[in-house]
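Pasting the structures in now, so scroll down.
The following pair of complexes shares a single chain, chain A, combined with chain B in the former and chain C in the latter.
Here is the complex of A and B:
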């Protein structure tokens, strides 16, 4: 299940949040609303992938560690089927990621890889820069 | 071994460097020398000029054979004769000898390449008597001996593959192809490449250069010491662990064989995870789980603070 929240933003960006932590997704969605962005939230990897395939988002915030279908599987599928989408991805994860893996993400063209906790202004600026 | 033979072996190999000399001897055999040619050559490099009969006697090689050996080594250009009565023989220094052997091999390969065109042109003029369509399903089996002949076959398969190339095997087998064109050949294929392997930190260098999106990790339960490469629906090369140092494989276009191995591959592929995912999952342990949750909570706190601050600002704005 996913929920869609809307405000009336001046220059709204379409942001997709894929994270199994409902608390986090609700909170991110709230501050994105406050920042006049439009966001779609999913707590399941498979649903997230389907939404990426069927919609156009300006930015995708992706968690890596999720049960069943995780962020790595989404990245693997995108790199094969729609690699252009990877430049919109901002990885936001609580997992510790080895430097080699970060390098691999860069090779794949992934925009940013942030480790939680991340400063909100930093996250907002990443979302804006990805959309540009 | 007689006392005299032991003394000679001691003289040829030298007690202190017996192991090194043994290895050199083995390597010279890889350079195309027979064991006895290598023995004679090393004996001359160690002892200096000798007559044929002295060589025959000291190395306990029959006299007629020793003449053949000396003649063949002379033709290879790595020993030379000194005129006199009787004729003596001596060896070219080992670095020069290796260069000479390599140059000869290069010339031989070049000659073969030139001859290939001539043979093919001639072949075209010969009328065919065999109906090539008589075995359309393919049931040919070919034993491939040595790394080079296996690589040549893999190159052909990778180049002609139209749909898919599937590679399954333990790193132990792929490491044998390190420093060869193996990875490049797989990379060049236009077909979809799928690699299933025991991807460990120690051995992953063997497949360095292959896109990680194409590699899945073999589970513990599937870590059998077998390897094969499938091309489309019609060819497979599978490696045989013969126990000898030389690599061996069998190539076949048998439809039933290819389809069986392909089903096996697909089954394991479905059950396996991509290398990127595994890397993360393997690195997780209890401590990381705790840290993971802690970071999630910290993130929640950061967002809450942000939301609170912004709500306060809005509220203050309204009150004013």
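Here is the complex of A and C:
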């Protein structure tokens, strides 16, 4: 479907984006599409969790503050049921996260915690690094 | 320590004994046994009267004083009198003293209670303020994400297609404004965090030299571009116990400021350290426009900018130095400025030297207390 340019990584990655803000998911997914990656978008936490359980993604971009079922709940569930998935998670949030929470994320195996508005190149490099 | 009661019994006991003794002596030695008898009986009455008076006075004088003492100690412990219902007895003055004290404690107690409520309310307002700020921060940063993202995408012409010169110019302008907005939001939030004492720092042992070198490296390109001679002078080699990211922020703010006020010609900028007993002093020195004493008084205040009218080549919100000072304070240091109009400016900040790292110190302490 897409013509690959030479500078793009050889392997297209499967990326899941969970964020209640549709403009943000639309922007990121069109960027990733243009960078020749496969994107799945959900704007609801519960659906996001279901998708993680039933699919294999290379990388998961997760917003924290979402109505009803939020990012923390997804992280909690994963840490109990499928902790291996946590290393693929990139947290992307507009809230400022206290250092203690960042440490807790690290203990869970989450290495990336990015602040909105993120630089999209930085986001892409995180996506490729967690997928490795 | 002797109690009033004991003292009373001692004094009155001895007095009554002496009176009675004199009565007996008188009886033995006197010729007229009748008069002797009268005196003896009289002395017996007086001495027993004295004795009963002792009981009476001890009840009415010492008991209310004891009660008052107990109430005072209770009040100082609990801010209220527990057994408030106890009957007040005793002589008039002590009775009213006790009553007035009780009344006073009630009033003070009420005032303390009110103050407690007020404090609670203030705390609630404070936490509401924090909540509000984090909400605002969230709501401001979220829409900035697609703006910034699409600007970056449009600038990637290999992805979104070729732009003509006017479009490229427009998108660059949007990009500059978006960055300014992002920085302003960040600065306002940072200043807010500092105000609320919620600035988090992550301390580590770092060589002071490395901190200066990092700042130097980061600004070599910008200085070259602006024809500014950037120098580094590190005389202190001590380690500091501090937060390198936060210090990089401070350096960046100070150097950006200096760059904005440097002269067109022979602009020099020097960054470095000086040794100091318990601190390492860092500095950023420029030969720019400088500031008057009056201006120096205000620059650390939020939103303050010295108005250098048309010559002003710098924009900003006036938050930079307030944030710098807040960071340095949070790291246990202080910040100050030396400047002369037309001669240049030097900003200094102290950071505590690393002795034993806190964690090690804690674990040593913990071990000691266990043994």
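Quick note on the criterion: the second predicted complex is superposed on the first by the 122 of 132 C-alpha atoms of A that agree within 3 Å, B and C clash if a C-alpha of one lies under 4 Å from a C-alpha of the other, contacts with A are read in each partner's own complex, and residues count from 1 in each chain.
One rule holds for everything that comes next: contacts are C-beta pairs under 8 Å (C-beta built on N, C-alpha and C of every residue); 3 or more make two chains touch, one makes a residue touch a chain.
Owing to the predicted nature of the structure, the values given are computational and were not obtained by experimental measurement.
Once the two complexes are overlaid on the shared chain, A:95 sits against chain B and chain C alike.
When both complexes are overlaid on chain A, the residue A:21 reaches chain B and chain C alike. In the superposed model, A:76 makes contact with chain B only, not with chain C. Residue contacts after overlaying the shared chain place A:104 against chain B, while chain C stays out of touching range.
By the document's definition of touching, neither partner reaches A:122: not chain B, not chain C. When the shared chain is aligned, chain B and chain C each come close enough to touch A:31.
Of the two partner chains, neither chain B nor chain C is touched by A:87.
Chain A residues in contact with chain B (one complex) as well as with chain C (other complex) are 21, 23-24, 27-28, 30-31, 34, 65, 94-96, 98, 115-120. Residues 134, 137-139, 141-150, 152-153, 158-160, 182, 189, 193, 200, 202 of chain C touch chain A in their complex. Against chain A, in their complex, chain B makes its touches with residues 212-213, 274, 276-277, 279-280, 283-284, 288, 291-296, 298-304, 306-307, 310. Taken in their complex, chain A has these residues touching chain C: 5, 21, 23-24, 26-28, 30-31, 34-35, 65, 94-96, 98-99, 115-121.
The part of chain A that touches chain B in the complex is made up of residues 21, 23-24, 27-28, 30-31, 34, 64-65, 70, 72-73, 75-76, 79-80, 94-98, 101, 104, 108, 115-120.
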